[in-house]
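Some structures to go through are shown next.
One chain, subunit A, links the two complexes that follow: it is found with subunit B in the first and with subunit C in the second.
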Partner chain A sequence: MRIDRTHRSWFIASVTILIIATVAYIPYALFYPGGPRGNSLPGLAYGVVGYGMMLFAGLLGARKKVPIWRIGRAQTWMRGHLWLGALSLPMILFHAAFAARGPLTMVMTVLLYAVVLSGITGAAIQHFVPRRMFLTAPQETIYEEIPNVRDQLLAEASAIVDKLCAEPQAAALAASSLETGRTTVAVVEEADEILLSDEERANVRRVYVDEILPFLRNPDRRDSPLSVSVEAQRFFEALRRQSPPAVHESLRDLESICSEERQLSRQRRVYFLLHGWLLVHVPLSITLLVLGGIHALVAIRY
Partner chain B sequence: MKTIELTIDDKPVVVEAGTSVFDAARMNGIAIPVLCHAQNERPVGVCRVCTVDCGDKVLQASCVRPAENGMKVFTKSDKVRKHRRMILELLMSDHPSPCARQRVSGDCELETQAAAEGIVTPRFSKRISPRGQDDSSLVISVDHEACILCDRCIRGCDEIRQNNVLGRRGKGYNAGISFDLNRPMGNSSCVSCGECMVSCPTGALTNKSVIHTVLPGGDPVGVEELKQLPFFQKISGTFLELNKNAVIKRHFKPGEIICREGDYGSTAFYILEGKVDIFLSSMSKDKAGTASGPGFIEKLTSVFSPRKKSTGVRNADGTIPMDAVIDLTLDNPVAELHEGDIFGEMTCMSLYPRSATVRAKTDCVMLEMLRNVLDVIQRNKTLRAELEKNYRKRALEDHLRTVPLFSTLTPEFIDMLAHKVELVRYSKGEVLCRQGEAALNFFLVRIGFVKMVEEHPGGDLVLAYQGKGGYIGDIGLMKRGTYAFTVTALDNVEVVRIGAEEFREMVAQFPVIAWSLNASANKREEHNKRHSSAVAAISLDSFLKQGLMEANSLLVIDLEKCTRCDACVRACSDAHDGVTRLIREGLRFDKYLVPTSCRHCRDPLCMIGCPVGSIRRRNSLETVIEDWCVGCGLCARNCPFGNITMTELPNTGTQKAVVTKRKATSCDLCADLPEPSCVYACPHDAAKRVEPNQFFKIMLAPSTTDDTFVTPGSVEGGRR
Partner chain C sequence: MSWIPQERRVLTLGAVMLALAWLGVNAAVRNQTPYTAGALTPAHSFVGKSCVNCHAGGGIGARVTDKQCAACHDAPVHSVLQTATPACTECHVEHEGVTRLAGGSNRSCVACHGNLKTKTGVLTVASNIDSFKDHPQFAAVKAGADPTGIRFSHQKHAGELGQKCGDCHPPADVSQGMAKVDPHSHVSSRALMAIPTYAATCMTCHPLNFDGKVSDPAPHDKPAMVHQFVADRLTKMGLQSKIAADEKTLWDTTCARCHTILPADASGLPVVAAAKITSRWFSKASFDHAAHQEMTCVSCHPGGMTSKAASDILLPGIQVCRQCHTSAGNSAGDTCATCHVYHDWAKEKGVDGKYMIEQMTD
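Right after this comes the complex of A and B.
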C-alpha cells in the first residue's frame, strides 16, 4: 500500500492519540505512587489498549480470508493495521514503563520490536516496490502463469530455430501446408529466400543449443550472458554480424524472447521481495499475540 | 441509387436496381408464397414455391430472380398456380401430416400453404424408406421425415449464428440435414441456440422444452393469443413456445410509470389496450454519479461537521433543474401512444438507456417482450422498415428537444427542423467528414463515439473524441467554410445531420445559438492549437484504440499500488460460486492495468443476437446474464475485449433452466452488493471501478481543464 495523501486522516488521528497518550504518561510516570508499572491502573489501561491494537492488526490476516464479508473495506483494515499496529509499540512501552521485568516480557519486547520493524520494512517495500515492478517488468504476467508463459516462449523459440534450420524441402512442405492454391515451386522459391547454407544452419543450431536453449530452460541462472541485458544485446549483435540479413528478423524475435525471459525472472525476484518479508512478519506477529495473551492471563491470575 | 420500373400482377412498381422480384412484390404489398426463403437469410431458390412468370422461357424462382426494367411479372396466373400446387403436393407426399409443429402450434408453413391450395391428400405415395428421428438433443427434437430440405436451418446456423454445425449430407433420395459429420444432434457441437428451429418452416426441428425465461412482473401469454396479433403472425410458433415468458402481459393503472427516462432496460412494449403519455424530463447531459463513499475517519469526523446540502432532483415548483438556460416541466408530455403502438424498441435495438419516460394515461394492458423476440419480429423486413421509420422519427424529435444547444429554439422551429434533418448511421471506421472538404453539414452525435483527427504531413493527430450530446461542424460552418478535421466513427454511431441551409437559417433566427456556437468554436480552435503542440496526443490515441471511452464502468488497477496479492480475484471468485469474472491480466493504459473484466459498455455488442435474450440490462447499468442462458457462446465471441467466459457449470439438479454444457459468465458489478467485491477486497486501494472519461480527463487533456472536447461521462465511481 502506498502511504500517500489518502492516509492523512489516519496519520493525524494516530499522532493525536500518541500525543494524548504521551501527555497522559508523563505525569503518571513522574508522580504515580510506587512508580509506573504494568499492573497499575494506567499501566493496565495502556496494556489493554496496546494489546487491542495489536489484536486488530493481527485480525487483518483473518479479514483477508473472508474477502466478501461486509465487515469493512479491506483498505480500511489495512490502514488500521498499519497505523494501529505502529501505535501499539508506544502503548506497550508505556504499559511496561520502558522495562521488561521477566523472561516472558523480555521475549515479548524483543518480538514487539521485531514485528514493528519488519512491519515498517514491509510497508516500505509495498510502498516503493510495486512502482519498480511496473517500470522494470512491463511484460509481467500473473505470477502463477510464469511457468506456462515460459513454456510458450520456449516453444516459440524452438519453432523459430526449426524454421531457420529446416531443409529446403521440409520448409516448402511446411509452408505449403499453410497455403492453398499455390504451387510447390513458388513456395520453394519463396522458402529459399529465408533458408541458410548448411554451415550457417549448423552455426545457428549450435548457438541455440549451447547458449540460448540452456538459458530459456533455466532463465534464473546468472552465468549465462543472456541473463544480463547489456551482454545479451552484445551477444545478439555478434550473432547478427555473423548471419545473413535474411535471418536478422528471426534473431530479433529470439532476442525479444530472451528479453521477456529476463523480465519474468525480474518479476519473480520482485514478487518474492513484495511477499517474502511476510514469512518473517507473520510468524513473529502470531507468536507475539499468543505470548501477549499468555502474559495477560498469567498477570491477571497471579 | 438507380431505380427500375416493372409491373407485378399489372401493378406498376418502382424499386432499386438489384432488388429481387420477391422483394419488389413484398415492398408493394404483394405476397408470394415461399418456403425456403426467410427474409433475414440469403435467398437460395431451393423449394421453387415462389415461382412466378417473368415472361422468360421458364418460370422463375422470384426470391433469386433480380427484377429488371420493364419486366412483367405474374404471381397468380393459372400456369404459376398449377406449378406451385404441384410443388406443394410433391412436398406434402413426403411430409407426415400433421407434423409436430402443426399439432402444437398449428403453423407448419408447408401444411398451411397446402391447405390454402386445397391439397388435402397428395396423389403421390409416401416414401418407403424412413428418414428417422433424432431425439438426442436436450432442447430440440429432429424429425427428418418432416424435413423439406429447404436449407433454412443450415443458413440460420452457419450464416446468422455462425456456429457452423448444420450441413447437408447424402444425395437424391438419401439427402438430409446433418450435424457436424452426421452425428446425433446431442453429440454434436450444437450449442442449442435454437436458431435452426426458429428458421425451420415445418415440424422437422421443434423444441422439446422451454428455456424457462423469467421476465417478472406480468402474466404469461399463450402462443395462440400472440399469433392473433399482426406483430407476431409471422413468428414461428415453435419459437414462441420455446421462449414462453419472454413475452408477458402487464397491466398499468392511470398515472403509473411504465418506464423511466435514463433507466437501462432490455424490453419493448406493445400496447394491447389503453393510452400512454411520453415525457422528456432532462436534457442530453450526462448526470454526475456518486463518488466512492467516505472513509472510516471521514465518517467519524463527519459527525462533527455539517453535512453538505445534497442537490435535489426536482425543484419545489415541479421542474427538473439542469445545466441549461431553462428547466423542463414534468407535466408536459411530448407524445401519446395508443393501442397497437410499440415503444421501448429504441432501448431494445440500441441498448442505450430509455430515452423518455412513459406513463399510463388510462388503464393499460400491454405486452412486454425481450430483445430476442423483437429480433425475430424484425426479421420481417416490412415490419422492420416500419419500426425503423417510427424509431427514426421519435429519436430525431427526442434528440432535438433535449440538446442544450437548442434549448432556445421554439417548438415550431424544432418541428420544422425535424422534417428537414436526417438521422444517419455510421459503422465503426466510417468517415463522417474529411478535413478540408467543404462544410455542408452540422452533426449532432446521438449514439456512439466519434474521433476527431487532424492530418499533418508527419502523421495524424487525434485531437479529441465526442460522444452523445457532442457536435461537429460548427467551426467549418461558422468560420472556415471547410471542416477543420476528419471525423471517424469509433463504434456504431448515430448522428442527426443538419444541412448547411437549415443550420444558417437556425443561427440567423436564434442569435443565442450563433453566439454559443461561436464561443465554442473559438475555444475548440484554441484547444486544438495547444493540443497540436502537446505530446499528450499519444495518450488519447491509446485511450481510443483500447476502446476505453466505450466503458460505463471500467475496472482499473493502479500498478504502482498493487502488490499482486490477487485479493481481488479471490474475492470475485468467492462472490460467484468459485467462478471468477476477473482475470488480472490485460492491456495497460499509463500506470493502470485494465484487467479482463466486463466494462458494461455504452454500446454492448455482447447483447446483440442473443437467441434467448438472457444477456441484458435490467433497470440499471450492470450487464447481467440470466439463468436461462443456453451457452451458445455468441456473446463471448461478440465481446471485443474477451470479457465474457464460457464456463462449465455442474448440473446441481435444482437448476430451473435447461441443462446445458456451459454458460456465459461475466462481471455483474456484484449487483446485489453495495460495492463490487474486487474493489471492496483490495487492501491497497489499487483496484477501482471508474468511469474512464471522467477518471482520465486530466491525462487526456493536459493543456486545458476545459472538458468541452472530452465527453463528460455518465457515472462517477462506476455505479449509477
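Right after this comes the complex of A and C.
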C-alpha cells in the first residue's frame, strides 16, 4: 500500500493522539506518587489503549482470512493497521514507563520493537517497490501463475527449435511435447519449410541444449549468460551472425522468451522482497498478542 | 513455489508454541518469576517465586497492602501530627532491581511536605519544601550561637598552635553510647564526632595545678571534690594557710580559663556553669562523617581555623552541602532520604513472626 495523501486523516489523528498521550504522560511521570508504573491507573489506561491498538492491527490478518466480512473497507483496515500499529509502541512505552524489568515484559518489549520495526520496513517496501517492479517487469504475471507461464515458455521454445531443426522431408506438422515436471504441455504448430544444412541444424540444437534449455529450466541461476539482459543480447546477436537470415525471426522469438523468463525471475525476487518481511512480522505479532493477553490476565490477577 | 504463506504459518505456530512452552515450563515448576514486573530487591528476592507471598488478594492495579508488609515489618508512624499516612508501597517501590528500598523518592516526601498540614495546624518544620533547593537553612545554624558555655578558641589551638582537628575531635563510636544514630539508616557507626573531654583532649596541656609546691594537679571534677582535693594536699604539707588563696586562684584563673564561674552557693564554693557540648547537631536528620572522610575538615568547617569563640557555630550551612548535593546526575544526590528517615524508630515495637520457612520459599 502506498502511503500517500489518502493517509492524511489517519496521520493527523495519530499525531493528535500521540500528542495528547505525551502531554498527559509528563505530569503523570513527574508527580504520580511512587512514580509511573504499569499497574497505576494511568499506566493501565495506556496499557489498555496500547493493547487495543495492537489487537486492532492484528485483526487485519483475520479480516484478510475472511474477505467476505463486510466490516469496513479493506483499505481502511490497512490504514488503521499501519497507523494504530505504529501508535501502539509509544502507548505501551508510556504504559511501562519506558522500562521492561520482568522477563515476560522484557520479551514483549523486544517483540514489540521487532514487530514495529519490521512493520515499518514492510510499509516502506510496499510503498517503494511496486512502482519499481512496474518499471523493471512490465509483463507482470499473477504470482501463482508463474510456474505455468514458465512451462508454456519452455514448451514454446522447444517447439521453435524443433521446427528449426526438423528434417526437410518431415511431415507438414511438427509436434513436440515436453515433460516439464508439473504438467505436460503440447505445442502443435504448423511447420513452415526452413531449409538449414545438417551442420546448421546441429549447431542450433547444440546451442539450445547447452545454453538456452538449462536457462529456461532454471531461470533463477545466475551463471548463465542469458540471466543478464546485456549478455543475452550479445549471445543472440552472435547466434544470428552464425545463422542464415531465414532463422533470425525464430531466434528473436527465443530471445524474447528468455527476456520474459528474466522478468518472471525479477518478479519472483520482488515478490519475496514484498512479502518476505512478513515471515518476521506476522509470527512475532501473533506471539506478542498472545503474550500480551497472558500479561493482561496475570495483571488482572495481581 | 508460493511458499511464503506456508512458512509463515509454520513460523507463527513455532514462535507461539515456543513462548507458551517457556511459560508452561515455569508454571510446571510453580515459578511465577516470568510475570514479575521487575527484579525484586535482594531483601525480598527469596519470596519472589510466588506472587501471592506479597500480592494477596489481587485485582486490577492492586498494590501490596500494608497488612502484607506489616506481617514481616514493623514500621512506626512518621509523626503523630500527620494528617494522612501513605501506603507502604507509595514510598517503598519494589520490582526495580537492586535499589535502596528504604529510601523512597523525593516525590513521596513532597506529597506532604510540599504543602504541609498537621492535625493541630501547628507547624514545627517548613511547610513548602519541594526539593533540596527549597530546604530551609539548618535550625542549628539559624540559632546563631553554640550554647556550649565553654571558652575556647579554635584559632588559637588549630590556627596558631597547629593542632590537628582529629587531636580533639576523633570519630565517635556510637556503639559505646557516645551518640545515638538511627539504627535503620545507612549512617555508619562512626558518623559523629566524639565530644571533646578534658581528660582526653585538654589535660595534657592544661593541668589543673594550684600551687607551686604541689605537683599533683586538681581533678577535673565538681567544685566540692576539687576543694576536698586541694585542702587535703595542702594540709598534708602543712600549708593550710594557702588553701583559700590557692583555691581562689584555681577558680578565678585556671577554671575560668574555660568555664563560666558563677557566684558561690550555700556551701561557699563557686558554681561552675555546665558545659553543653552538642554531640548531634541535626535532631531531625542524619549526617555521616565517615561518608565524607575524603575531604579536609576545613572544606566544610572553615571556622575551625579562625574561630576565636566557642559560641561560634562551626556547623556548615546548607549552602556548603549544596555544593555537592544537587539534582545533577553526577552529584552526590539530593534525595530527602539521603539525610532524613521517615519512620520514627523510637516507636518500633518489633514483629511477631508467623511464617514457616516452607511458606516463604515454596
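Quick note on the criterion: the second predicted complex is superposed on the first by the 279 of 302 C-alpha atoms of A that agree within 3 Å, B and C clash if a C-alpha of one lies under 4 Å from a C-alpha of the other, contacts with A are read in each partner's own complex, and residues count from 1 in each chain.
Here is the rule we go by: a residue touches a chain if its C-beta (ideal position, glycine included) is under 8 Å from a C-beta of that chain, and two chains touch if they have at least 3 such contacts.
What you see is a predicted model; the values in this text were computed from it and never measured.
For the composite obtained by superposing both complexes on subunit A, the positions of subunit B and subunit C are free of clash and fit together. Looking at the shared chain after the overlay, A:272 reaches subunit C, while subunit B stays out of its contact range.
In the superposition on chain A, A:246 contacts neither subunit B nor subunit C.
In the overlay built on the shared chain, the residue A:117 is in contact with neither subunit B nor subunit C.
Judged by the touch definition given at the top, the superposed model places A:104 against subunit C, while subunit B stays out of reach. In the superposition on chain A, A:24 makes contact with neither subunit B nor subunit C. With both structures placed on the common chain, the touch criterion links A:299 to subunit C but leaves subunit B unconnected. Looking at the shared chain after the overlay, A:143 reaches both subunit B and subunit C.
More residues of subunit A are touched by C (comparison of subunit B with subunit C). When the two structures are aligned on their common chain, the gap between the nearest CA atoms of subunit B and subunit C comes to 11 Å.
Note: residues 143, 275 of subunit A belong to the subunit B contact set and to the subunit C contact set alike, using the contact criterion stated above. Interface residues of subunit C, counted against subunit A in their complex, comprise 1-2, 4, 7-8, 11-12, 14-16, 18-20, 23, 33-39, 51, 55, 58-63, 86, 89-91, 93, 95-97, 105, 107-108, 111.
By the touch rule above, subunit A contacts subunit B in their complex via residues 1-2, 6, 9-10, 13, 60, 64, 67-68, 70, 72-80, 126, 129-131, 133-134, 138, 141-143, 145, 271, 274-275. Put simply, subunit A touches subunit C in their complex at residues 30-35, 37-41, 44, 99, 101-105, 107, 143-144, 146-147, 268, 272, 275-276, 278-279, 282-284, 286-287, 290-291, 294-295, 298-302.
By the touch rule above, subunit B contacts subunit A in their complex via residues 295-298, 301, 559-567, 570-571, 574-575, 583-585, 588, 591, 673-675, 677, 680-685.
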